Every structure is written in C-alpha cells, then in structure tokens.
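Paired with subunit B in one complex and with subunit C in the other, subunit A is shared by the two complexes that follow.
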Partner chain A sequence: MKRISVGVFKLTSCSGCINELIYALVKHPELLKLIDVKYFTELQDVNALTELNVAIVEGSCVREEHEGILKKIRGLSEVLISMGTCATLGGVQSLRVGVDVSEVKKYVYLNPEYVDAYNDVKAVGELIQVDLSLRGCPVNGDALASIIKKIVIGGWPLEVYESLCADCKRAGIECVVVAKGTPCLGPIVSAGCGALCPSFGRGCYGCYGVKDKDLDPEKIFEMEKALGRLGLSKDDFYSLLKGYSMSLVKSLKI
Partner chain B sequence: MMSMMYEGSIRDVGKLLSLLSSLLNLKVIGLRYVNKSLSYGELNSIDEAPLNVEDVQAPSSYKLVEEGASGRFRHSFPSLKYFLYPPVQDVLYIGRDFSSREAKVDLGDVALFGIKPCDLHSMKVFDGILMNRDPYYTSARSSIKIVVVEECVKPSKVCFCGSLGTGPWASDGFDVAFARLSNSVVFKPGSSIGSDLLKRLNVKRASDETMYEYREAMDNALKSTKALPELTALNNALEKSMGSGELWTKVSRKCVGCSNCNMVCPTCFCTEFFDEVELDESAVRLRKWHGCLSYSYGLVAGGHFRPKLYMRYRHFILHKFLFYPNQVGLIGCVGCGRCITWCPLGVDIRETLWEVFKSVS
Partner chain C sequence: MSAVLTRVEGEGEVQLITKEGSLIGVEVRIAEPPRFFEYLVKGRRAFDVPDIVSRICGICGVSYILTAVRAFEKGLGVTPPREAEELRLAILGAEKVKSHILHAYYLHLSDFFNTSSLPELVDRNPLLFSNASRVLLWSRKAMEVLGGRFHNVVNIRVGGVYGFPKLDKVAKLLKEMPGVLNSFKYIADVVLSLENIPMDEQGLKLMAVYNGSTYPCIADDIYISYGSGGDLIAVSDFEKFVKCEQASYSNALRYKLINGSEYLVGPLARFNIGYRHLSGESRDLLDSYGWRPPLKNVFQSIVARVAEVHDTLIYLRDFLENYREPSSNPTYERLEPRSGTYVAAIEAPRGLLYHRYEVDDCGRVKYSNIVTPTAQNQASMEAAIMNVIKGEALSGEMAVEKAKRVIRAFDPCISCSVHSIKVEARSIDS
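The block that comes next holds the complex of A and B.
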C-alpha cells in the first residue's frame, strides 16, 4: 500500500478536533504506518509545507492572513478536508459576528491590539473548495479513523444527510422533547455524534450544526416555535444556531 | 365469526405467560417495564409487563403514569421492528479476496407477548414485503412460534386503528388474544395451539354479562379510533392530490424532515447500506434504518428523486396509503399513531389526510 502524504493545519479553534485526531491515531497506530505526516505542528517539530495527498484543516478564518494560508494549502493538496464545526461552519467564535471586533477584544484581552482579527468569521468552504466536511465540536474520533482508513486504501466515505433524530431513534433513546418537554435541536441538526446528549437525557444544542440540504428559513422558524413552546427563548435559539452554524445562518439569511 | 371466548383473571394472564416458557420452551418477548423504564426484551414474569402503567399520548407528547393509571397500556416508540428488523444489522462479512459470508440471524424460538392489534397487523404488512425476500427478516420472523395479543379496551388519543380495520381487537394471525375488563379478563383463541393453551388455564366460558361488557368496550374503542375520512374516498383524494406541490407544501409546512416518524413507524422498512472497512481490506457490510423524510433518501448518482422536503413527506403518506396496497394488498399504515406522538414538531397524519381530503374533494 502506498503511503499517503498528509498535512494538518490549524486556524482559529480550540484544538479539540486535533486532539480527537491524535487520539484516533493513538487508538489505531497501524494508521501511522500508512500515512506520511508532512505538516502537523501539534505532533512533530519538523514540518514542511509541500504537496499533499490530503490536507486536513481545523478552525475558521478570522483574518486576512488565514485566507492566504488557505489558498496556499488548497493549491498544494489533492484532497482537502474541513475538520470540525469551526472549519465547516464557523464555530463558537462566530457568536461575535455582528458586533465590532475591537469592542469584543477588550472584554477578553489585556492588550487587544495584539489580536489580529476582522469582524467576520468565515468557514473554510466560504473561501476555498472543500472536498469533505466533517462536523462536530469536536469531531467524532471513530468516524475520523474510519475515513482515514478508507482514504488510505483508496476509497471514500458515504455521506448521509439526516437529522440527529435518526441516530437517536436507532439507538432506542426516548425523545426528550416528547417525553420530558426538554428543548432539543436534534430535528434540524446533522447526525454524527450518535445522539450523545439525548442519551444522557438532555437536549441537543447543535454542535454538529444545522442540516444544510433540506431546510429553509420557514422550517427553522417552525423549529423555533416548537422549542419556544417548551421554554427556549428566541434569543437562545438563534445564539445556538449562530454559535455552531454561522455559515448556514449567513446563507439561509436567518 | 366470533370464536368461543373465556373469562378468567389477571392471574391467568400470568399463568399463560409461564406456560409459554415452561410448557412450550419459548423465549417470551414483549415490552418490559422494569426500573421505570420500558423496552423490548425477555419477559420473565407477568410482573415485568407494563400492566399497571398508562401511556398518556398526544401529538408531540408522551407520559407514562403509574399513579392513577387505568392500567391500559398501549405502546411506546419502540415497535416490533426493533426486534424483527433491528436498527443496525450486519449483512455480509467480506474477505480481502472478495469472498463473502452472509450474516446469520438466530433468535431461538420465541413467543410474542402482549402486543397490540395494530402491531400484529404491522407484522402482516412486513410479511408481505419482506418474507422470503429478506433473509434476515425471514429468519427473525420464523423464530416467532406463538403470538399473544392484548386487545385495546381503552385506546389512546392518537390511536386510529378503527379507521383502518387493524384494531382495536385482533381478528386473525394470533394464537391467544386477551382483553382486560373491569373485573375480569376475557380470552379468545386464534389457533388450535391457542385453544390448547387456554384449556390449561383456569378459565371458563365467558358469561353473557362479560360478553356484553366486552362487546360494549370494543364498540366504544372502535368509535374512538375512527378518525379518518372513508377510505375509498380518501384514496381517490390522495390519488388526485399527487401532482399538487402547493397542497403538499402546505400540509407539510411544520415538517423539518427529522425522520422520527419513519423510525417509530412499525411498517417503515427502508435501510441504507454501509461498509466498515478494515486496513487489511476486509469489510463488514451493514444496514441501518433510513427514513424517506431524510435528504439522502432518493439521492442517487447524478441527481435526486425527491429533492424537496414536501416531496418526501408526500411520499411517506402516499406510500402507506396508495403504494403498499399495490405492493402487498394492504394499507401500509396501521393507525398506531406513533408518528403523531413522536413527531417533535407536532405533525399529525390524521390532520394531513383530512386536509388533503377536504381540499381535493
């Protein structure tokens, strides 16, 4: 089997997905023999920005410099994967979109002038072509390992677009909305985590992001109304959407 | 034709359950209510059956109550499908030389206990579609040797079997049916094994008073579960409505395509196949339930058969009411109402059918 060259890059994010990737590699050490890691600053000291079979990008784009880096990586790689909700949809840092970033910086940093960020937060796909998007905050490590395996042996994962509820029902979990009146975003959120939150009796807060194929603003409004009846305020509902699905909030204009 | 009926007590129901395992050596499968949670599994005694709880159901709302329960349990979201046609199932084991071995299903010899008439009927629908076609279903189904049905004296607010002739009582395809009345339990054999089993219980021929109470209860239950327009007229209306995207967009306005309805429906059988690949290039092929309300359903290389959500919602309804009859000679909906209760958005199939009926007729 030919080894594939891989680069892992990080923009603005918490490194949680990179941790998941490292755990996945530790759990499946045989994978390390099949990939040739060219660039992965969290894993090795010597890194080279060269041509790659697979580039994996974590994090969203928050300044001009990132845009240049992304275009460069795209030019060097055959396949580019956005890893996690930040890279795929914007991530939690998107909560600041709509507020002047120089104001926001002051709340957090002693020397806000050191922080270089523009007002917008952009998902990787808003700037360059993405071949495979993996959602999740963080991503599901097992899914990640399975995808790497498939790519290594020359295959490609099957993408299924369905709501979290499908996972939830297949796992035999009693719906928290119906049985407890607990707000849950599951119906409009992509499956992928295996219904982790509902399996503990709590509602999904949408960390895999809103589904991107079959919803329009009216459907989102129906969900807002349904959860509103259970006590989730409009503000909280839209904050959750913004925090985990910013690029869709932009494209759906909600 | 009404077969001879017997009357006894709840203790006889317990005895019947014990006979299934002690006399016939069957694994008794039914809904168990243990530690306040409900799931399909092996019933070791009648105390584990949900006899003293009630499911209070309404669109998008479900509560199990013990206190003040009338002891009239209907159902929860898991249908027989979880047992006969599980959510995730191995199908093939494939070697790196592409040799393959079929997965085997072996459930032993089973008795189904306490299932409801609507669920009994859902098995007929599944049989029509899957029996002798799907090897995994065929094995699972063939493991069922005895079926004991509990008829519904008090249907829930979402039940509409009466409109479809699938309940509230059982007519065929079972061995024993029982119904709990105010002070007694009536038993009805549905097969010769069923008659034999009843002979071993301490039950006597049902008195006229008991039969009167039973018939009245069933009559009321039937009335309370008639919730659809007359079926021939309804089907004509559905046929006519097919091309109206506007109407179907309107009736599906609340639906967000979460596929809960597909998952809880006892007659939805669609699956998607996945390969779990290992680095030595061996693989396990498995199938998972997949619902027609999900976007992936109808997505094929080069296009999509039902790209809009209203088209998929329409398919869900039309498949049950118009297409199953052509496929298996039975309406695909058994009126259990699970899709109504477990839709988080409160979509109610009865309202959809009325809305279509009224705007087309």
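The block that comes next holds the complex of A and C.
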C-alpha cells in the first residue's frame, strides 16, 4: 500500500490535541508504516512544506500571518482536517473576542507593542475549506487513530449528529440535571466524549462544542433559560458557548 | 542562520548572535501566538478558573487545575478531605509520568542516540520503544480512570473531586503495575547508563516548592538554592523575590531573581533540593548506576526525570493498593468564593508553577498572575547556551545544533508559557 503523506501544523493552541495524535501513533505504531510524515515539528527535525495527502491543523488564527499559512497549507493538501475545538470552533482563547485586542494586550504584557494578535479569533473553517472537522478539547486519540486508518484505506469517517445526552443515556449514566439539579449543557452539545463529565457526576461544560445541525438561536435561548433556573447565569452560559463554540456563536448570531 | 526548534512542545527558534566568529549573545525568542489567559479568566467565576487554565498546557493541565484549586482552597481555609487529596495527587502523579516519558523518550532521547526523529529511534531500538510505550499508555489509562482523560481531566474541583473511580477499574490498573515497573526499569537502565551525558558544572541557582519533609510537590514554602546555602521563602512572598521583564526581542515575559541572576526550576532543581525525600527504592536504583546529587548541568535533568518517574510509580502503586471507594463523596460541595487574594504554587512536571488570583465581592476574578515554569527557565536557557558554546569556534550548523540540544534538555513547554514562546535560532555575523 502506498503511504499517505501527512503534515501536522500548529497555530494558536496548547498542543493537547497534537499529544493525542502522538498517543495515537504510540498506541498504533502500525500507523507509522502507513503514513509518511512530511511535516511535524514536535516529532522530527527534518520537515518539508510540500504537497500532502493529508494536512492536520491544530489551533485557531489570531493574526494575519496565520491566514497566509493556512491558505498555503490548503493549497498543498488534498484533505485538510481541523483537529480539536480550537481549530474547529476557535477554542478557549475566544473568550477575549468582543474586546479591543489592545486592551487585552495591555492587561497581560509589560510591552504590549511586541505582541502580534488581532481582535478576532478565527476557526480554521472561517478562512479555508475544511474537509473534516474533529471536535473535542482535546480530540479523542483513539477516534483519531481510526479516522487516519480509514483515510489510508480510502474510506471516510461518519459524522456525528447526536447530542451528548444520547451518549450519556447509552452509557446508562444517571442524568445530573434530574438527580442533582446540576446545570448540564448535554442537550445542545455534540456527542463524542462518551459523556465524560456526567460519568463523574458533573454537568457538561461544552468542550466538544455546540451541535451545528438542527440547532437554531431559539433552542439556545431555551437552554439558557432552563440552565438559568438551575443557577447558571446568562453571562456564564454564554461564556461557555464563547469558550468552546465561538465560530457557531458567530454564525448563529447569538 | 536560523533554525526552527524541533522536538519540543510547540514550535520555536533560537537566536545566536555572533561577532567575528564568537558568540556574544543568545536570544531565546518567544513569539508563539499569545492566548492571554490572564485576560480569559477575568470576570469568570473563581471556581470555573481551573477548567480554563487547564488549557494553557497540553501536557500538564492537571498541574494548572490543581494550582488554581489549591489557591482557592487555601485562601478559604479549607483542607481537602484526605481521600480526595490522595486521588488528586495520584492524578498529578500520572501526569508527571506522562510528561516525563513523553519528554525523555519521545523528544529528548534522540539527542543521546544521534537520531533525528521518533520513527528513526523506534527502528534503532524497538524494545526501548515498546517499553516506553507501555509506561506511557498505562499513564493514560490511569489518568482516564482517576481523572477522566489524558488531558483536561474533568474530575478535580475546589473542595475535592467530582467522583471516585470504581474499585474494579482501579484493581485493573494495579494489576498492570508490575509489568509497567519492569518496562520502566528497562528505560531507566538505558538512560542511567548513558555514557554521553555531559558532566561539567554549570553553577545553577535552583528553585522549587519545599515543605522540608517530602519531595517537592505541593507546599507553602519555596526553597531557593544558590549552590552554597539557600533561602526558604513563603509562597505568598514569591513575587517579591523574582522580577519580571519582557525583552525587546521577544513577546514573552521572563523571570529572574531580584538580584538579577537567572534560576532554574524543574526536575533537576527538585532532585538536588529534595533528593533525600525520594523513596529508598528510587535512591537504590540511582545508586546502582552511580548517580547521586547534586546533578551538575541541565543535560543531567534526564536523570532527575527518570528518578521522578520511578518515585511516582511507587507512589501510584501504593495508592492503588490502598484504594477504597468511599461510601459517599466527602468533597466540600458548598464552598463559595469570597473577595480576596488567592495564591498557590505547586511543582508542575517542568517546575514551579505559581498562580495568584484577586477575586471581587461577586466571587469573580478581577486580576490574575500566572507564572509558568518555562517563563522562569528562559533566562537560564540563554545562559546555559552561552555556557556550553562559549569559547568554541562557531561552525554554524554545529553551534545551532548544540544550542538546540541545550534547549531540549530544559524540556521547555512552549505552548505552556501563558505568554507563550517561539524560540528562534539565528546566528548573525556582523
């Protein structure tokens, strides 16, 4: 079988998803025989920006330079995957969106003029065409491994349309809203993590991002009211949405 | 000449400044896209902070969570229930194993074998790969069972934990422990018998949290070692003993002692300060290869990492052996944040991590200061490169390669410096 060429790129992020990818390669060393790693600075010294079968991008865009890099990568790759919540939806750094970045820079740095970042935080899909979006903060390494295997043999992974509640019920976990009145974002969040937080008796805070299918501002608004009754303030509710679903917040205009 | 720094967490470059062939300065440039975490937590409910700061670093999120949690608990005068604290320390331990194995084996060991990538190292020594993998994969399972997942664990909260794992899952982890320890000993053997670890003295100033009776981990005091003698200071005085600067060539904040000298945090600092608190088993292991404190230079950090992984596996073994699932969760669930200042420091895998939060009357963060290990080590990194390359005729590539090795020995976490790092390697001949 011909090995597929792969490049892994990092923008604004924490490397947590890249580490899931490294885990996937360690757990499934046979993958190293199926792929030809052309660019992956965390893993190897010799890296070339060349044509790729698959480009994997972690992180979101916070400055002009990133937009150019992304367009370049897009031009070089057949398939482009946004890996994780940062790349797919903006990520936790989006919590600053809506405030003038000069304000933000001044708040953190002694010499804000050395710091390069623009006002917005953009998900990869806001700038270029993305062929496969993987959610999760971090993505799940096992899911990642099976996706890579599928792509190598010429297949394509199925997309998930379910909400976290479906995951949760399948796993037979007691609903924290019903049992304890704990606020949980489950009904509007995309499945994928296996209902991790409810399995530890806590509510979901949305790190896989809000579902993007069959969801409208009305449903979000209802959810905000319902969680408000359980004690989650409107401000805190929208912060969770901003922190883990920013690009959807933008497109739904909420 | 410029070279991207590879095999580190995040991406970066180093800048070597030369004049007439000799090195006159080193600049470790930090320019990775900033994420502004101090701003991100502003206005957030104090107890929501741990889950946000966990995202600062893709490897040591637990350390971030626990530092924030500890700051709030201390400030509120709460001692977490023993069962919860032990579970949290076990999660922290599993993270340390993961971080050190990732660094020592997957990123660093190539330097000692002169290979340039992981796949090459795998080919060279498949047994080393399978043993390192076994330890790493076990640490992942441990983090999943105890904390929920490998990164951004979901089980730690102010006041304790959200839940306790089922005994059968814990028993399964324990069952694999002897095999994991065996695999680890294989790696330890390879590392501790390396013959090309440099032995020169770098005269390092060290810093680690320290309580005088256990190996540096979580404490209310910090020990600063000047080589001969040292100072014990309160964590709450930390900001008085260090100064923060932002070099013109970098957008990163970096730290020095108030007297202007650079200092080192991390495994080597902990090892030299806390060696006598390592378990007898760990000290025997080191002894059998002739390794004793003090470790002399940053390249020897890999020895400290091995010692720490061993000691942590022993802690985890004991924890798992004695684990009982409590009949009800003793966590303090009804805590509320009050206005005030909240401070804590703990040892993340890469070194001392310090958080300070100012909370307002509504229980929301109005100001925070997060000082990461890598930001503290940055000045030391530059000094160490100077030290190693000084006096040698600089043949471009070689010098850059050496500089990179020094940096990798530090295990910088580029994405983890909240103020983020991009390291630039460039030698400019004037």
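Keep this in mind: the second predicted complex is superposed on the first by the 254 of 254 C-alpha atoms of A that agree within 3 Å, B and C clash if a C-alpha of one lies under 4 Å from a C-alpha of the other, contacts with A are read in each partner's own complex, and residues count from 1 in each chain.
Convention: a residue touches a chain if its C-beta (ideal position, glycine included) is under 8 Å from a C-beta of that chain, and two chains touch if they have at least 3 such contacts.
Keep in mind the model is a prediction, meaning the values are calculated, not measured.
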item	value
When subunit B and subunit C are modelled together on subunit A, clash or fit	fit
Angle at subunit A between subunit B and subunit C, C-alpha centres, nearest 10 degrees	110
Partner chain in contact with A:Asn111 - subunit B first, subunit C second, else both or neither	second
Which of subunit B and subunit C A:Lys10 touches, first, second, both or neither	second
Touched partner set for A:Glu42, first subunit B, second subunit C, both or neither	second
Touching partner for A:Tyr23 - first (subunit B), second (subunit C), both, neither	second
First, second, both or neither for A:His66, with subunit B first and subunit C second	second
Residues of subunit A touched, compared between subunit B and subunit C (which is higher)	C
Contacts of A:Leu127 with subunit B and subunit C, given as first, second, both or neither	neither
Touching partner for A:Lys219 - first (subunit B), second (subunit C), both, neither	first
After fitting on chain A: smallest Cα gap, subunit B-subunit C, Å	8
Of all residues in subunit A, those that touch subunit C in their complex	10-20, 22-23, 25-27, 29, 32, 37, 41-47, 59, 62-63, 66, 91-93, 95-96, 99, 104-105, 107-111, 114-117, 137-138, 141, 193, 196-197, 199-202, 205, 207, 236, 239, 243
Interface residues, subunit C side, partner subunit A - complex	4-11, 31, 33-40, 42, 44-45, 48, 51-52, 55-59, 61, 102, 106-107, 116-119, 122, 129, 133, 136-137, 140, 148-152, 154-155, 157, 161-163, 244-246, 248, 250-251, 253, 329, 415-416, 418-419
Touch list for subunit B against partner subunit A, complex	39, 60-63, 76-78, 82, 87-88, 253-260, 263-264, 272, 274, 276-279, 281, 288-291, 294-296, 299, 308-309, 341-342, 344-346
Of subunit A, residues touching subunit B in the complex	30-31, 34, 146, 149-150, 152-153, 155, 158-166, 169-172, 174-175, 177-179, 181, 184, 186-188, 211, 213-215, 218-219, 222-223, 226
